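The structure under discussion appears below in the form of structure tokens.
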Amino acid sequence: MTLMIFFGVIIIAVILALIRAVKGPTAPDRVVGVDIMVTITVALMVLLGIFFKRRIYLDVSLIYAVLSFVGVIAVARYLDKGL
Amino acid sequence: MVNPSLLIAVPLAFAFSIPLFGLVSKKIGKYIPVVALLINVGISFILIPQILKKPAVVSIGGWSPPFCINLVVGPLGVFLVTLISSIGLLVAIYAISYIKEEPTEKYHMLFLLLITGATGIVLTGDIFNLFVFFEILCISSYALVAYNKDKEGTEAAMKYLIQGSVGSSFVLIGIALLYGMFGTLNMADIASRVTSADPTFLFISLAFLITGFGIEAAVFPLNAWLPDAHSSAPSSISAILSGIAIKTGVYGVARMIYTIFNADGILTFIAFLGLLTLLIGEMSAFRQNDIKRLLAYSSIGQIGLIVFALGIATSLGVFAGLFQIVSHALAKALLFLAAGYMIYRVGSKSIDSLSGLGRKMPLTSFAFTIGSFSLIGLPPFAGFISKFSIVYAAIQVKKPIFLVFVVIALIATVIEAGYFFKVVQNLYFKEGKNVDNVTETSGYIIVPMIILVISIIVIGIHPQFITGLLKGAAGELLGRTGYIGWVLGGS
Amino acid sequence: MRKCQKNSNKMGRYTLTLISLFILWILLTSTLAWEELITGLVFSALIALFGYSYFTEKGFSGITLKKIAYFLLYIPVFFWEMVKANFDVAYRVVHPKMPIRPGIVQIKTNLKSDVAKLILGNSITLTPGTLTIEIVKDNLLIHWINVKSEDVKKATEIIGARFEKYLRVIFK
Amino acid sequence: MNQIIGYIVMGVGVAFLFLGALGVFRFPDVYNRLQAGTKCTTLGAFLSIIGAGIVEPTWFLKCLIIAVFILFTNPISAHALARASYKSGVKLWDKSVVDKCKDFEECAKAQEDDK
Amino acid sequence: MSGIYNWMYYIASGGLILIGLYIVLVKTNLIKIVIGLNFIDTGINILLICIGYVRGRTAPIFSRPGISPANVVDPVPQALVLTAIVIGVAVLALALSIVIKVYQHNKTLNVTKIKGLKW
Amino acid sequence: MQLITILIVAFLGAGIVYLIGKISGKARDILAVLASLIVVILVSLAYNQKIYTSFYPLPFLNLSLTLRIDPLSWFFAIAVAGIGFLSILFSLEYMKHYQKLDFYYSMMLFVNAGMLGVVLSADFLSLYIFWEIMSWSTYLLISYKGGKAVGAGLKYIVMSTVGSIAMLFAIVSLYTSYGTLEFSSLASLLQTASSGYILFLLIMFIIGFGIKNAIWPLHTWLPDAHAEAVSPFSAVLSGILVRIGIYGFVLVMYSIVGLNLLHKLGYGLLNFNYILCWIGAISIIIGTFIALLQDDDKRLLAWHAIGQGGYMILGISFGTTLGIAGGIFHTLNHCIYIALLFLVTGAVEYRTGGVRDLNQLGGLIKKMPVTFIGGLIGISGLIGIPLTNGFVSKWLIYKTLIMEKHPFLAFVALIGTWGTILSVYKFLHNIFLGQLPEKYKDVKEVPWAMRLPMIILTSVIILFGILPGIPLNVISGIERSFGIKPLSTIIFGMPREIGELNIINILAAIVVAGVFIYLIFSLSTRSRRVNQYDNYAAGSFIPKDKYQYSVRFYDPVYRIIGPYLRDVVDDFYYWLVEKSKSFFQGVRQIYTGNVNTYALYILLFLAFLIITKIGWGLW
Amino acid sequence: MRRIVSIIILIIIAVGFIFAFSKIPFGKDKINVANYYIKKGIKQTGAVNIVTSVVLNYRGFDTLGEVTVLFIAAVGLGAVLFVERKIQKNMDDKEDKTKRASLILRTGSRLLFPLILLFGAYIFVHGHLTPGGGFQGGAIIASGFLLMYLAFPKQRINKKTSGLAESLSGLIFVGIGLLGLVFSGYFLTNFLPKGIPNTLFSAGIIPIIYIAIGFKVGFELTGIIDDLLERSR
């Protein structure tokens, strides 16, 4: 039950971030929105692991954290014309 | 009995090992495809008599068929593998000295992998595995078409890639639907279950699959990539694309229609589509002044003829279609190889600039001539037998519609004759302008051409060399219960 | 990739990297089963080979008890600042009028080590109302959500000093 | 017992996650959004993951790694994004009071001789 | 409501495929077309997952004792998706490289202007 | 075995000649002559034999390739071999200045081999195979000279391909209906076939053989091809190769379908024979009168080849003893004299540096007497002057027309002969008579290797003209083999009961007439001898292009008949080709180069499949 | 016009989808052949992750093909973007120094790089026990390298070494398949002992192949990234 509330809150948070990602107005704004979404998702996955009682979600979450970090850095470097 | 898995494992291993050989010497790389394909040719020739006696179903991973990817080596498979490895071998020999653009090591890897993909397509008994090998074939073709890195090549590769990707996606959608319905990916298993499913559903899956494979098969209207890709690729690759790659697309379409779906209803439409392809190909080729583009359009025409023959769907029709596959593969590979070297020597792709090469490059021109004659269907070359068989098959079914079809098809061959004879005349009977310094080639370039010429003539004069195999292959395509039995019989 | 300039004590650097990686492996697998340990050691050794030249420039040299102690002390300090920061932001976020007064200010640092500067920058980013935008030599450019002072010295005092005194010891 | 603690920690984390998202949603320019996003979501994610580790003690070490990873990388990415925004010319909010970076035009140039 | 829940994933996958196709049909920018192809890929991957999913079941990984074979989803589509993703990445990478070359030669990414090869 | 040997010698000869040529030109020449001579000997040895061999099984089609010799095939085989030998002999000198001689000789032998294969085949598959080999090697030889020959070759092969597919269609349909392609079996099996089917077969074969035989309106390739080929090959082409079409007609109509069935085809005036003979008649008129307009000597002969082909068709279309004999004999005769005439033009070209324009030649009679004699006898044969072979065959054909009560056709044939006379007179006159242009002052007679074939052919014309019984005897053998009442012959012609012809009588008549004419001419005051180099006429200077008084010999005639004699069929074909070309141009526009459009095609296809299934429930 | 036609076509295809999807209802049990894998997978392959046992054992051939596809992409990309040595030097000289990453990113990347590699290794070593596997692990390794590129754009990997590593790992895959052929008569047979499920050293050839795949994919993706970054300028 507690977890369900958490999920509800997280989903609202994701939606807020998503709105920012969609609205912009500048490219970095969108990326910030996505970045926040990603961080929230990493946490969400761990919570899902608790929910389903499956440890494998931790691995997923870890992989996701690594890949999204690199992804955000890549976009950032693209934006500052470092690529 | 040699394990047919080697047909895939060997070229794959050799392809992976080219960089390792590169450590020893930079020059070894170009011989690796030749070695690998020699082994494959050897294996396939050993397999032919055995397979004709008893088709082989080889599991990969050791579990029994529906639960495991398996290779189904029937007459059709062994026939196509032999064709693929032989043409591949000849083109590999040609490429030893033809390919000069760096990085040659990567070219040879990609080439070998392309052949592996084609081999896998025709051998595998699993539909998703078919998709994987199909992608291997396609992706390596994209890369190889762009290999020269010039404006044309990259543009063609890009267009090919876009259309090809849409095609592969359709194939995958079809496979997904089939899996969703039947819960299995084994082609024989699916084939044994199709009767239980909703016909509309089945047809939609089939539509996705044949559209997907049809793109690689270059059936009209799915063939717009072909003239670009075939004309812009390095000529050795054009030869492979025309000789082998599009045939695997045809194989895919045929496998779906005949073996898996048993879709009799669509066959006449397929034949009609083949006819349309033939007409459009020949018409478009007629006005070309770019020799490679001409050959490319001619490939469209020929593939149309093949599809037409397969659409006749009698054992003779399928036999004729398969024979046409052989004769077209030999002739078109030869034509692209010969044209490729002429272009290389003359420095232009326009037909006019090839004038007068008959004297400067007699062997190459001769090879080109034989190839064209065979394609037109003149005796005593291989193309004659297949053309005759196709006409025979079309008339033999005794359906009025096929009579009309075959008349139109024959008229299309007149167009084909028109432009090929023109090119031949250009080579021999027109004064060349800038060909004074052109010389005949030798060595690795000429050997494959001579072998192709000889095989065209030998098969034309003594078709019995391959008719037994082709009859068996036609039987495999038409006898789907037999196919299902080979694979699932034991379980 | 990059050959590190300082040629000091390769073995030490390698071992340090290896140990760090091995510890990470144990944490990841959360087990002491022998297969896992062996595999972990093998991969740590292999990866350390690739990565030691990036991972550390000094190796074990300079690791003292004092530094470790300061490091352990730094953690709660940092966390406290971070929690404060969050409540600060939370307040501003939730407040209907959004009481903010943003701007970019410049501060100075005496830290020399890159890692030290990194930790300083990260710490600043995670603490009340500040966000490191750029580090140029010993200048840090900070986005400050509620600019209290535009003066370099004063800003340095407010933003950086609380971390720097620990970091200066840790990365001496 | 640890269940309750875990869920409380988790709950605090989730709350901060929500606040972070809200900040990103509400704040006026990209730098301010980053401020909110970085701080709140980092702590939020950190706490909720640690909370999960407390709930399932056998997972704790792994959760710790994930949490620390986030703690370490989030400020870096925030910094990179802020820098990218600034370099790509995203203006500060018009009610911003000061922009030392503008005065600090050698930002870019200075980098050249920066080691 | 449950109807929509049932169809949601199919709509997502089919929708992605169709949007991808639409992009390929209509957009003239090469990069966009490549992205469109990726949309199609993604849609198909979702489709495969949909097909393999069985309501109320868990991932087919028997990493702890409590999981019964009757209670896991179909592993095969997941394996297929893994393959499909890798293939998608491969095609994407190659596509980008070719697009780079095309751009270098033509100085444009507009496919209506890249018509050196026709007829 | 004997037949196989002939073909092996013929084909291997062609191959070996090419290879030897790479080593030594002399050896190649000798070998070429030798090979063609051996073929002549081998074919002669087969005279009056009846052989049937199956030489190559094609089990996958349930067929085997077979050869046979019977009177018809022997008759044509010997003609092929003979003309082949003579033209190669002629080539030895004539071709000296050409390049790519290895190719030339090899192809000459190859064409001959192909023709031999055609006439020796005992089943339609073999016939088709050799037919195609013959066609493509002919195409290569026509194109050989380059320049305009390229266009001519292309025209030939494209039309030839059309013919081939018509034949192929008929052959395959025969095979699917009867399961065999052997002539002998088909001959009996077809007796039960419906007339519609027979008609279909005949039409297909007429298209196939008719294009080769250049009957109107399938003739348009011929003038170009004959004119542009090198002369020895023109001799082969016009002499025998084209007439393989007649072989085909005779074979299909009389050997296979048979008279009984033929007579049942059609209703009243739409009778098959009747239509065919009208095609022949039109060919005669078109051929001979367009020949009139030609200024190019070879083109002139070429049009005659079309016209004379019409006579042959006219002869064989009736299926009477006399008619068939006339047609076949005319084929042989035409083969001989037209070959001779082409060799004559070749000889003239050889000495004048390739001049073919009749308006630029003239007066060569004294410089090249042997050639002149050849030309004279040749055109006599062509016209059908008594004592030449052409007279006999034309006489047979006229006789047939009259006996079959077709006076109008006879009249047409007569008009054709008048036209022939007019045009060949122009031919002979403009080359050999009149003033000798300055530039040909040093012209000499051609060498012996070229003279010999001309002499042989000339003698044969006279021989067959005086002793027509020799060939007619063979021809009556052919008729016997068809099951038609054979022509009974005597050495000087044939006995009274069929249609009396005795050359002795005619000889006597001619001697009388000749003396008479000589007297008139020599006594005539109007005749005067003009010096061959006299550039002046009536004291006024003649412009260069009117150097000869015979320039634009028939200008008035042109003005009258010219507009009606345009080769409208050719125009129509050109129009068709142009239209097709622009249509093809339109078709290939579907490859727009825009990849969006290509994707659209793909999706259209998919959508088509889906909508036809879901919407219409197809498939 | 094109838009309208496109939309009509897509609507037709959508109708096709609806027809097709309605026959394979979402969330219903449609498992057929896979039951065999679920029931016998652990016993037959020793891998508790049935997806992995499908990927590497029952459908190992697909995976070999998939590895090949990635290999082709890497090689093809290298071929297409290949630039002759001389030209390449000129390009390097032109490079803009202001494009360097910030100190924080550089230092952070250096510290993270080995850790990310270890994550990658962890993922592919445990492929038979967790949702990870060679491809995922390889992707993480590549992402580590990508991070380094982002931080140090001028630096390149040694192409030759990475190419050799790709080849070797590919050969290991094929070689293991061939060993299976030698030992059990079938290509890619799991001929090694299966061990105790849920321990690291189980599942026979699966972890070995996954390690090979991990390296291969890591190097290939890195190579792809390298080529794309280098040549796209």
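Should a chain be cited, it is by its letter among A, B, C, D, E, F and G, assigned in written order, with residues numbered from 1 in that chain.
The rule we apply is simple: contacts are C-beta pairs under 8 Å (C-beta built on N, C-alpha and C of every residue); 3 or more make two chains touch, one makes a residue touch a chain.
Everything numeric in this text was worked out from a predicted model, so none of it was measured.
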For chain D and chain E, what is the smallest step count along a path of chains that touch one another? 2
Could you pull out the chain whose C-alpha mean position is farthest off from that of chain D? F
Taking each chain's centre as the mean of its C-alpha atoms, which one ends up farthest from the centre of chain E? F
Measure off the straight-line distance from the CA centroid of chain B to the CA centroid of chain C, and report it in whole Å. 60
Averaging only over C-alpha atoms, locate the centres of chain B and chain F and give their separation in whole Å. 43
Cα-centroid distance, chain A relative to chain E, in whole angstrom: 21
Can you check how far apart chain B and chain D are, centre to centre, with Cα atoms defining each centre and the answer in Å? 57
Residue ranges of chain G touching at least 2 other chains are 2, 6, 9-10, 13, 16, 19, 24, 30-31, 33-34, 37, 59, 62, 65-66, 69, 72-73, 76-77, 80, 100-105, 108, 119, 126, 130-131
Give me the residues of chain D that touch two or more other chains. 20, 22, 34, 42, 58-59, 62, 65, 72-74, 76, 78-80, 83, 111, 114
Going by the touch rule set out above, which residues of chain F reach two or more other chains? 588, 591, 595-596, 599-600, 603-604, 606, 610, 614
Every chain pair meeting the contact rule: A-D, A-E, A-G, B-E, B-F, B-G, C-D, C-G, D-G, E-F, E-G, F-G
Chain D partner contacts - residues on chain G that touch it in the complex: 97-98, 100-105, 108, 112
For the chain G and chain F complex, residues of the former touching the latter: 2, 5-6, 8-10, 12-13, 15-16, 19
For chain C, which residues count as touching chain G in their complex? 1-2, 17, 20-21, 24-25, 28-29, 33, 35-36, 39, 43-44, 46-48, 50-52, 54-55, 114-115, 117-118, 121-122, 132, 134-135
Residue numbers on chain D that touch chain A, as the complex places them: 7, 10-11, 13-15, 17-18, 20-22, 24-25, 30, 33-34, 37, 41-42, 44-45, 48-49, 52, 55-56, 58-59, 62-63, 65-66, 69-70, 73-74, 76-78, 80-81, 83-85, 87-88, 90
Contacts from chain F onto chain E in the complex sit at residues 588-589, 591-596, 599-600, 603
